[in-house]
Amino acid sequence: MLEVRDLCAGYDTVDVLHNVNITAEAGRLTLVLGANGSGKSTLFRTISGLVRGRSGSITFEDKSISKLSSNRIVRAGIAHAPEGRHLFPQLSVEKNLTLGNYARRSSKSELKELLTRVFDLFPILQEKRSQAAGSLSGGQQQMVAIGRALMSDPKLLILDEPSMGLAPMVTEQVLQAVAEVNSEGTGVLLAEQNAQAALGFAHYGYVLAEGRVVLSGAASDLQNDPEVQKAYLGV
Amino acid sequence: MLMQVRGLSKTFGGLHAVEDVSFDIAEGEITAIIGPNGAGKSTLFNLITGFYRPTAGSVTFKAKDITGHPAHRTAQAGVARTFQTTKLFEHSSIAENVLAGCAAGSRSTLIDAVFRTPRHRREEKASMDKTLELLEFTGILEFKDEIAANVPHEVQKRAAVALALATEPELLLLDEPAAGITEDETARFGQLIRQIVARGVTVGLVEHKMSLIMSLADSILVLDQGRRIAWGTPEEVRSDPRVIEAYLGAGSQGSTSQEDGIQERTPGQGA
Amino acid sequence: MKLTFSIRGVGALLVAAALLFAPLILAEQNYLLRVLITGITYAIAVYGLNIILGFTGQLSLAHGGFFGIGVYTMGLLTTDYDWSFWGALLAAIVLTTVVGFLAGLLALRTREAYFAVFTMALGLIIYMIISRWEDVTHAYSGVLGVKLPENIGPLDFSEPATYYYLLLVFLAAAAYVTYTLRVSNVGRRLLAIRTSEDLASSIGINVGLNKQLAFTASAGFAGLGGALFASAEGFIGPNSSSIDLTFELLMFLLVGGVATVMGPIVGTLLVLALFEAFQDFQAYRFILLGPVIIALVIYAPQGLIGRLNELTLRWKRRRAAAPKTPAGPPDSDSPADPNDEKAEVR
Amino acid sequence: MSQKSRSTLRPLIALSTVSLLALTSCGNGGGDGEGGTITIGVTGPQSGGGALYGENVEAGIRLAIDELNEQGVTIDGEEYTVEMRALDDEYQPNAAATNAQRLVEQDDASVVFIPHAGGIHAAQEINTSRSDFLIGAYSSDRRIIERDNELTFMISPPFVSYSEPFIRIFQEEQGAERLGLLATASEYGQQWTTMITQDWEDAGGEVLSNNNFDYGAVSDFASSVARTLSDDPDVILVGGPSQTTALVIEEARDQGYEGGFMIMDQAKFEELELFTDPENLNNSAGVKPVAEFDDPGTDSLVERFAEDITEERPITAETSLNFQAVALVVKAMEIAGTHEDPAAIREAMPEAAAEVDDVFRVSGFPDEVTDEGLLISDSLEGAYRDSEGNYEYFPMDIE
Amino acid sequence: MTLFVQQFFNGLSLGGVYCLAAIGLTLVFGVLRIPNLAHGALYMVGAYLTYFFLTSAGVPYILAIALAALVLAGIGIGMERVVFHPLRNAPHTHHMIAAAGAMFFLHSLIQAIWGADFRRMESPITGRVEILGTQVSWQRVTIVITAVVVLIALTWFIKRTVHGQSIEAVEQDRVGASLVGINPNRVSMLTFGLAAALVAVAAGLVAPINLLYPTMGDVIMVKVFAIIILGGLGSIPGAIVGGFTLGMAEVMATTYVSAVAGEVIAFVVLILVLAIRPTGLLTKAVQR
């Protein structure tokens, strides 16, 4: 569904990604592992159009999206819950969520359906629906971020380190929800540092190190691969 | 101990970014700070260098308490730093950048400059000499007249170090010095850091590139969720289960079994 | 580096020579000499603006006000209080410096747009005081008969050319201070602050103190310019402290080149020449000049001198067979902020 | 890279070319040699808040020049064409002085009309020392002629002339006691206020709180009006630009005020009538409308103003007084036999006053030019609009 | 007491006008981080456009204001495209200078078209109404009512419509806004257009009790800056509270202290606020 080929990208004089190749299949959960600074966020930001790639191609459902602006990409069916969440802090949870549907402009009934789906996934958000997003706890904010991405009814959901800064129990909860979304048929591209927990849910995984893919394989295979550890700890 | 950090904490609106962290930086050594994303490394850096004011705890440098001193005073005391996203005076030439570092420590006033007093001329000469020496030392002399924004990233990284060194620090703190440069460049950068230590400047660094850290650091401080979870030599840290857990998640025991289906890729080769 | 300086040096020398011989060339053209005289007093104030805007990157919109304080100190002291020109000149500098210092204490707690708006309010308050405090400033009635400098030996300053040369001395001093700033440690500290306050403080620069000093000096120059203006004109009114003046000064600086040594004088004289030239368009000249200002800001924000400096640098580098230039950043339109990439938890 | 630099340079090149061209053109702005042309210089506000005022002044000068050229101007046996050259000073004193000098040096003007006190004062710093030109001062600030500047003549009657008749009308004839102050807070308004305050009190009246405010800078003046009315005045001093003054008067009437107004000479009845219901102006004293004069040239000028300048607004004293002054000054040139020697022209002015053609006698043409430069007319009158809306005119002594 | 009631209504109508003018400025600042110095000039153009539609085109008053708002919105969008869009990555100094250039241009343009004359725009709304024992003109009542209606409509637009929400979203997080598919370019244009339309309404409302002249916007601009600083740059509720506060303060200071006090109060407030709390009184401490 998503094909990233020979992608190079970076900021100003910094090259972050070097010839990255990644494929995310429809309906599967694809994991991108890597220590921080390995380029996961840049990869995701390039896919969702926040950063322009320098070379290489990105295709989604056989159409090139590497030249599209981010609003076009959302409309094409890719939703990105970024690292740092980037919520609208002073708007209510519900507003944040409905804004997630901005590109889709769904009808009222569809919107309601999508909203119900998010609230089913994260019941706590229903309780807090009229609170300002900025006033929520980190975990709840992460749920809003995921929920907002889901509101565009994406074919591919990109999640960048949803567990960052969260307590282990909350992480568990969030990852469970991601797995649930995936099991309902939405493709997921997930970046995680917390490799072990995530590999349990994933179908396929890539390991990034210093802007390159150094390992890839079925999640179950990666789970106990010492190379993964090496990529993280530089053993 | 050159620097002693005791019980340092910082909360931002209820969130504990750094909590009760203690460690030492020994003179003439290289101390590294590592940890997963969001572990509080940069916050710790900012606390030590006076960009943030700690909520609790103390920082002692050369037996003097510098807790909560503003950044410029910390720098004047002998603690220099670089930034995560390389910061340079990007519209100035590389040489002017380093000169700015010299300027920061200079005592001369506008009066001196206007009337070209002996002190002024002496300092100007000294600054220029020091700049050239530092550019040579960091290996970027040939770029001295280039505008900082236009030089390759590696050169910028080195210029940032030269700039920091121009303030004649005793402790140099590097925030992700190897981010965004290639492996070869990283290796060369490691050499530079060793040379800096050889000059008599103690080095502390935050870094993600484990290859660099493991081969360079004398001691490593590992943070997770704002707390210190390990502090020791590279070997100690590497085998510390808490560190492995922090990085890889619970359940990882660092199994050594290698199974089929894994393609190893060499860098740059592509699919 | 040497070559660059020599090219810039030649340019500076040309401007200096032109200014030096202007009274001889203009001979009986008192009007052009008058434009030059006014221009130079403005330029001195622009050098002041250059210190705070060019060297620390803060946009002060109070400089029309500071100029006005200089104007009125000179104007009132030499008339109502019968001070000598020189005494009043000193008083004007001291007063604007003090006001600048005090204003800086408040204003510099803010930054960027806030600083600009704050100083704009400050400038307007100064204007209000000058235009409303009738008992002291005579408000709109203005002040008549501001003194010219007392003669020094054979120098008779009532002679426009002589007064012109006196102004030239002050102008040269202002330019020299700017030059010195550019190439000295003091200026490097300020420029460091302009590029990055964080980086500046990380190398031990006391950002607050240096900005305070720069703002103070900057106000002082504006006051000096104002005082000389008052004396040159003889009659003064509240307009000489208005916000419009601030914008004119700003335009002079921008056209000439922010943070350059020759920019203020070249920009001031060029724009004034334009204003005079476009007099025939009368009220409608801004239909043309307005877009010119906008185009300048968009296409040549570094100003005339800044642009020339860049070109000489580039030319010089090409001659010196510069080292391979690395590929520039891609022409990206994305709102990406590299800082976000590795943002720490807040 | 080079492409980019070229495009960045273009505006700069354009700018410097334009300015160079402009500078060179500065040099040859002068007349077509000797003999043919007399240039009358004008520097006044053409842009900014005072632009209309400047336009009115220019209109008077232009109309006079057209008329003069039709009649023909002969100096020392030679035919001349009169031209006007006007520059914008945005009401700024120093710009006015600069413009004056430019007009003198580059356009060979020997007379420069300046319609604002600040500009006149600034020009007086140079017109007898650094340059040599005659100032046609259109301002009623008496300090202008008190400076002993030999090359100045004052076109409009000093505003002090209005004080005595105004006070007579309201205090003596109507028995008013309480004077409210609601004029514009400009230099001029303040001077007026100071004068009236003193004279009113000297005559035994009471002056209430000073509520002068800047007519040009306040976005809503209802509160100043309300405050003035709360003191319960019998008569109120108002005045500034006619249009704003009309609104102030209207606001006061709307708030229920029924007393009288003393209208500063900057505002004109004929303009006030356009901006507010004329009934609001009943029981007010001010400047006599130009059209109401029955001098020999009045009707023709009113007509020509409507034809050549505009029909949208009536002609006012700003136009008519400057119209007269130009005729006077050109006549003085003819008598003096020179258009280049300001001192000689100035000297011939008293004599010229009697010889100007009737067509230029419009609204109280000066009968006398005093040594200090004041133009005095015996036929100048003020106007009082009574409670029925009829105008009565009263003589004024110019002092 | 009557004086107070009278002045209260004066303050209310002045405040309403200030509000409408200030909200646009604060919106532009919130979305683009630009202090638009040409805002006063837009106000002036808005007044002239209303005048044009009312007198030359003979359109009814309220419709004339609406048309003027529409045209000015177009001008605002044009200004965003031509002047500010090319400068989006430039330092704030450049914006301010470019805005000043635009301001000078508009002054000259309007003077070229309509001349420097003062113009009086007669409002078809005449007469007075007695409220609490004082006479209040219908025009002022109209100002207050229209201001309130527009403010409510604006709030509804911002809070309840997709386009309005996109403005708020960009204001609060640009990256987040891009990620939900909001085109920041379009939001910039929308904001500029909206700001211009609002300021046109303010100008159209106040024109009948004031005069039209090319520099009429200069005075209001400074006041409006004072208001948005008072309310916190970028805050809509701040602009509303600040607008009414300043309107009321000005009127009351003029009434009970002096005319000069009324004129300077805006600046004094501005300096005090910035001295005490540089980011504005009503802003919450924003996280960095």
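Letters A, B, C, D and E mark the chains as written, and numbering starts fresh at 1 in each.
Rule of thumb we're sticking to: a contact is a pair of C-beta atoms (placed from the backbone, for glycine too) under 8 Å apart; a residue touches a chain by one contact, two chains touch by 3 or more.
Which chain is which protein? Per UniProt: A, B = ABC transporter ATP-binding protein; C, E = Branched-chain amino acid ABC transporter permease; D = ABC transporter substrate-binding protein.
This structure is a prediction, so every number in the text was calculated from the model and none was measured.
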Starting at subunit A, fewest touch steps before arriving at subunit D: 2
Common touching chains of subunit E and subunit B: A, C
For subunit B and subunit D, chains touching each: C
Of B-C and A-E, pair with higher C-beta contact tally: B-C
Chain at maximum distance from subunit E, centres defined as averaged CA atoms: B
Length of the line joining the C-alpha centres of subunit C and subunit D, rounded to whole Å: 36
Chain centre separation in whole Å, for subunit C relative to subunit A (CA means): 51
Distance between the centres, which are taken as Cα means, of subunit E and subunit C, whole angstrom: 32
Interface hub residues of subunit B, defined as touching at least two other chains: 12, 15, 38, 151-152, 176, 179
Of all residues in subunit C, the ones touching two or more other chains: 132, 283, 286, 292, 326, 335, 338, 340, 342, 345-346
Overlap residues in subunit A, where contacts from two or more other chains coincide: 12-14, 16, 36-37, 49-50, 70, 83, 164-165
Contacting residues of subunit A [partner subunit E, same complex]: 48-50, 69-72, 74-75, 79-82, 85-91, 95, 98-105, 134, 148-149, 151-152
Of subunit A, residues touching subunit B in the complex: 5-6, 10, 12-16, 18-19, 21, 35-38, 83, 138, 161, 164-165, 168, 193-198, 210, 212-218, 221-222, 224-229, 232-235
Subunit B residues within the subunit A interface of the complex: 15, 36-38, 86, 149, 151-153, 156, 176, 179-180, 183, 208-214, 225, 238, 243-244, 247-252, 254-265, 267-271
Residue numbers on subunit E that touch subunit C, as the complex places them: 29, 33-35, 82-83, 86-87, 90-94, 96-98, 100-109, 111-112, 116, 174-175, 178, 184, 222, 225-226, 229, 233, 260, 263-264, 267-268, 270-271, 274-275, 278-279, 287-288
Subunit C residues within the subunit B interface of the complex: 1, 176-177, 180-181, 184-189, 191-192, 195-196, 198-207, 217, 317, 322-323, 325-326, 328, 338-339, 342, 344-346
